[in-house]
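For reference, the structures are reproduced in the following blocks.
The same chain A turns up in both complexes below, where it pairs with chain B and then with chain C.
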Partner chain A sequence: MSLTNRKNEILMAYLFLFPTILFYLIFWLIPIMFSFILSFTEWSGFDLSLIKWVGIENYKAILSRGSTFVNPVLINTLYFAFGTVILSFIASLIIAFMITRLPFEGFWRTLYFLPMVTTVVAIGNIWKFLYDPNYGLINGLLNKIGIQPINFLNDPKIALTSIVVVSAWASIGGAVLILSAGLKAIPEIYYEAATIDGANIFQNFWYITLPLLRPSMLFVLITGLITGLQSFTLIMVMTTSGLGGVGGGPANSTNVAALEMYNQAFVFGSWGKATAMSFILFVIVFLITLIQLYIFRKGGVEEY
Partner chain B sequence: MKNKFPWISMLVVVLGAITMIVPFLDMVFTSFKGPSELKSVYYVLLPKTFHFDNYKEAFRNMNMGRLFFNSIVVSLSVTISVLFTSTLAGYALAKLNFPGKNTIFKIILITMMFPAFLFLIPNFYIVTHFPLVGGNNLFGEGGSGLATSQLALILPFAVSGFGIFLMRQFILKIPNELIEAARIDGASEFRIFWQIVTPLTFPALATVAIFTFIGQWNEFIWSLLIYTVNSDLATLPVGIQMLQSSLDPTRTRALVSAAMTISVIPVFLLFVFLQKYYIQGFLISGLKE
Partner chain C sequence: MFRLIFKKVLAILTVSILAVSIFTACGSSKEATQENSEKKQEPVKLTILTHYSQEQEEALKKQIDKWNKLHPDIQVVHKSVADFGQLLPTIMAQQTAGQQADILHVYALWAGQLATNNVLAEVPDEIVEDIKKNYLPTAIDTVTLNGKILGYPTEVETYGLFYNKKILQENGFNDPPQTWDELYNIAKKVTKKDSAGKILIEGFGLIKGWDSAVVHPYLSLVYSAGGSFVTDGKVDLTSQPAIQALEFEEKFIRDGITDISFDAFKGFPDEKVAMVINAGWWNSSLKTLMGENYKNVGVAPIPSPDGKHKGSVSYGFFYGVNSKSKHKEEAWQFLKWLNSEPQANGGTAEGNFLLSLSIIPARISDINALKKELEEPNNKPFIDALSYAVPELNVVPGQKIKTILQNHIEAVWTGSEKVKDALEAATKEINQELEKIQIK
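For the complex of A and B:
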């Protein structure tokens, strides 16, 4: 290739990358630096001249003993993330095992996947109606077998768990997809050989399925955890009515970190505190992402 | 581990499928219920007569035409923009040689490890204080910035790291000989890109398109923030939420259900027909790291 062609190629490459680089500059690099600086200030989000430098005060206040961000908000966040992941994982593992043996597997998988392509606003409202103590389907069924109506979303003891169930319900389809793909990748001949050697179904499961399915299972668990730790729109939709309220109730029992961050900024106008919260949550999420990277270093990119 | 016809498996999978479907059926049927059924303490799934006026009312009350228009414009624009920028960047990163290539690719991979919630607050400020647009001065003061038009809902999603990654991986598999041969024949770099590479990337383009479109159609939190600045920019998910506070509580359930049905059904159809591509996108978006 001649020198002009070479120059041409370099020019072309930068031209092609220009929109991308510009985008990351404006909507990625500048915001993240801006946000990081904000986390050391006190500011209401309106007039930049009223911004006040407070050093690490925001972080100290958020993480101090007796801070509501630690208890109950962070505790709720962990409960929500782990609860969703564990519930969804157990259900999808069972379904994945069974679905791979059925005719019309694709049809069943499609049904399980529908909530994954539904806006979280619809998911939240549909379940709000199902949970309704007076007119909802679930209490309607309970009523038929003589059980008193349960106030799923207004009882602080069970509100968060009720939302965890919805969140797990909505994520089963994705997990089933990954786990059943993982199951099918295990060669049938391993099971045949083991059966000839006298292994029973449980030994097959323990010594063949579990170890070979481990990457898929870890993948489902870790990505689910990362998603669960930062999700808040479902809770927001299910614990407010309309666009006005704050959400996270009753009595803060369903308040999670990302929701608290949102409310601090856009409802209470404490942008400094809110951005500090976002970085604290980010550190937690990022650590788990690094663990994922470490585990899947050999797979991932090269496989696809 | 295959065995005879698996009755227990069938039973469990079907029961599970019913719990997946019933909430959506409840949504559709509730959207047709009349006042007496909505207020009845005895729950029934199916309405006796189908009340279509819930839909009429929803259209009137929430200006559904406007919401639909905004959702379509935003989702389509974001999809086109993502396709365009992902193909360009993906091609450059896969087939062109230039200084800084690996660094740029690595940076794009790293950006994908930063969750979206981190950008909610600063990007809201940046979009509403964008200099020299929407009545703003050079320092971004005085007006509402990009929030005067749908651009506020489009630009922050205009480029996707996932899209670039997917296009790069796909274009890498196109043989270099094809590109070299065109070069020897004297084709310009742009012609090579546009006439030789792009037509070969159709499956990857379809994946990025359907995945981006559905994701954007369902997007809620950013649209909600922009709605607080400019209520003309409400999309369907914001509209559903909006509807709740504005009407009489017993009918609200039917109207909200009607609005949800209208926004959910198109996506279901899109997904069912193009699920091969969507699922590809779903799997890769998780494995990106």
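For the complex of A and C:
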């Protein structure tokens, strides 16, 4: 290939990429840059001419001792994300393992995938009703067997855990789909060989399934954690009265980072703090993802 | 070779068309604006942004239609966000994007936030005079920031004790409570539970998760005990009345008279809650929700420790003109008509609109002209409270201060904080917020 032809190819490639680059520039890179600049300012969201440069003050205030962003917001966020991922991962691994061995596998997969196609707002509202201490189905059933109503969403000690259960339930479907595809990719011959050597079902699972499933597990865990750390809608729907004020109650017990960012920006008019929080959350998500990548760096069918 | 060149030309054309279409889409709005400004013959179009629901919107539209008929040169278009929680974010987004409404109907709590960000235009002197002369002092205080009136007050709400006459009478109480002791004793007597301990009738309801319903009844109790919230620009919730009021609320929960998981906001219209402190606007909702059974609803002033003191919070909404509006003069003209010009029955268009929603107007001439219609026993405590109610704090971090207090009150209700610790922490955090605006 001559040099001119090579240059033409490169030029053509850039021309083809131009609309995509433009799209990402307008809707991705510029907003990120703008948000990053905003995190060093004080701006109330109304008038761009009133932006005031404050340096690292927002970061200092957010990370200072006694800051509500660190405790309880960040702690709640980590609890919510890890809680959701651990619960949904364990449940989906068991379900995926079972349904790949059951007849009508497609039916079961569809059944577990259904919550994934339901909007989060609908899920939140339905579970809010199910959890209601006076009119809810769960407490109604508990009442029938003589158990006192549980304040799922009103007791600060259990409110966040109650939402974690909903979040885990809602995300099982996607994880089941990915893990069952990963399970099907493991050649049956490995299990047959292990069984001939006397391995039982648990040994098969521990020594064959888990190591070979690493790439699928990594994907489920990373995407699950990232989604969990950025979670907003479900908590907003399940903890807001709809009459006024902010979500994340009672007494801040369910307030997570994304909700706090929304409140800081759109309710309290502190855009600088809200964007600074978003960059702190980005660093946390980035570090957690790196750790996960390190832990799960090996594995998969190709390795063996 | 020809096919290759053709393919390349086609590809370049496709890419160019895509790029051009993006640029033209961006540019077309500019051209449209230029075109619009050239159409000088067309009537001035004013937009008015509110949070009214569809039903309320219909009632307001009737008044706007009247204006539009009378003033073909200034046409007003109503836009509603319907969800109150989205009103402030919508104003923010529209303001930054240059798509702002000419007239804003806003919650007075945001007055500081809106005024410091130059969202609101100066109120003309003649309108300031009209407001000073013709509105109730509580209404004027609600829309005043640093001595400056920001717009026309519309609804001004005060708090009272809603009680179910039927439940009280069935338990031998013919009159509502006047003192805190009476409130506690009546509530204790009327509370009913099933064998599993589930509340069937709640004596006294506390509404959680909604900032106004948590903070305002508490502060009303503080005021009724002779306390205050802000003195000389500083908050002190460690005073005896402030502690007493929260301990009083906590006592109901501790003694099983109030269950904060019980939704008192739904339970009262279902006649499962005997008494709740709430704002006057609730009357209209209860009428709709309860139908015939509304006859069982009574309203009394908020009880005080000695039965003599009176206390209530007041909060309100107001109409302001957007500082970025190109038609400020016309906007004020419309607002002046809406809020001050008497209609056939003597009340203003706004007064009649508020009355249609069973909301007490803030303009004295409206209260006088619509006296007959407002003369309902359940309105009286709210009208009376207008003379002693303390307006909600409308400084820049008003919403933040309210949220801080809500979180600490709820922490006490749910047993995760002790009364004194919660009030000390709230005082410290709120004063930190107030100091920030003083430093600026």
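Going forward, the second predicted complex is superposed on the first by the 263 of 304 C-alpha atoms of A that agree within 3 Å, B and C clash if a C-alpha of one lies under 4 Å from a C-alpha of the other, contacts with A are read in each partner's own complex, and residues count from 1 in each chain.
Convention: contacts are C-beta pairs under 8 Å (C-beta built on N, C-alpha and C of every residue); 3 or more make two chains touch, one makes a residue touch a chain.
If you're wondering where the values come from, they're calculated on a predicted model, not measured in any experiment.
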item: First (chain B), second (chain C), both or neither touched by A:F268; value: second
item: Winner by number of chain A residues touched, once chain B and chain C are compared; value: B
item: Partner chain(s) touched by A:E9 [first = chain B, second = chain C, both, neither]; value: first
item: Touching partner for A:N143 - first (chain B), second (chain C), both, neither; value: both
item: First, second, both or neither for A:A91, with chain B first and chain C second; value: first
item: Touched partner set for A:L210, first chain B, second chain C, both or neither; value: neither
item: Which superposed partner A:L243 touches (first chain B, second chain C, both, neither); value: both
item: Which superposed partner A:I75 touches (first chain B, second chain C, both, neither); value: neither
item: First (chain B), second (chain C), both or neither touched by A:V285; value: first
item: First (chain B), second (chain C), both or neither touched by A:N134; value: both
item: Chain B and chain C footprints on chain A, overlapping residues; value: 12, 16, 19, 45, 132, 134, 143, 241-244, 266
item: Interfacial residue positions of chain B with respect to chain A in the complex; value: 1-3, 6, 8-10, 12-13, 16-17, 19-24, 26-27, 30, 38-45, 84-85, 88-89, 91-93, 96-99, 101, 104, 107-108, 111, 113-126, 155-156, 158-159, 164, 169, 183, 189-190, 193, 214, 217-221, 224-225, 227-228, 236-238, 240-246, 253, 256-257, 260, 263-264, 267-268, 271-272, 275, 278-279, 282-284, 286-289
item: Contacting residues of chain C [partner chain A, same complex]; value: 8, 11-12, 15, 18-19, 22, 83-85, 88-89, 91-92, 95-96, 113-114, 116-119, 196-199, 208-214, 259-263, 265, 267, 397, 399-400, 402-403, 406-408, 410-411, 413-414, 416-417
item: Residues of chain A defined as touching chain C within the complex; value: 12, 15-16, 18-19, 22, 44-48, 50, 132-134, 143, 146-149, 151, 154-157, 239-246, 249-253, 263, 266-269
item: Residue numbers on chain A that touch chain B, as the complex places them; value: 1, 5, 8-10, 12-14, 16-17, 19-21, 23-24, 26-28, 30-32, 34-35, 38, 45, 91, 94-95, 97-99, 101-102, 108, 110-122, 125-127, 129-130, 132, 134-137, 139-141, 143, 169, 172-174, 177-178, 181, 188, 191, 201, 204-205, 209, 219, 223, 226, 230, 232-233, 237, 241-244, 258, 261-262, 265-266, 271, 274-275, 278-279, 281-282, 285-286, 289, 292-293, 296, 299-301, 303-304
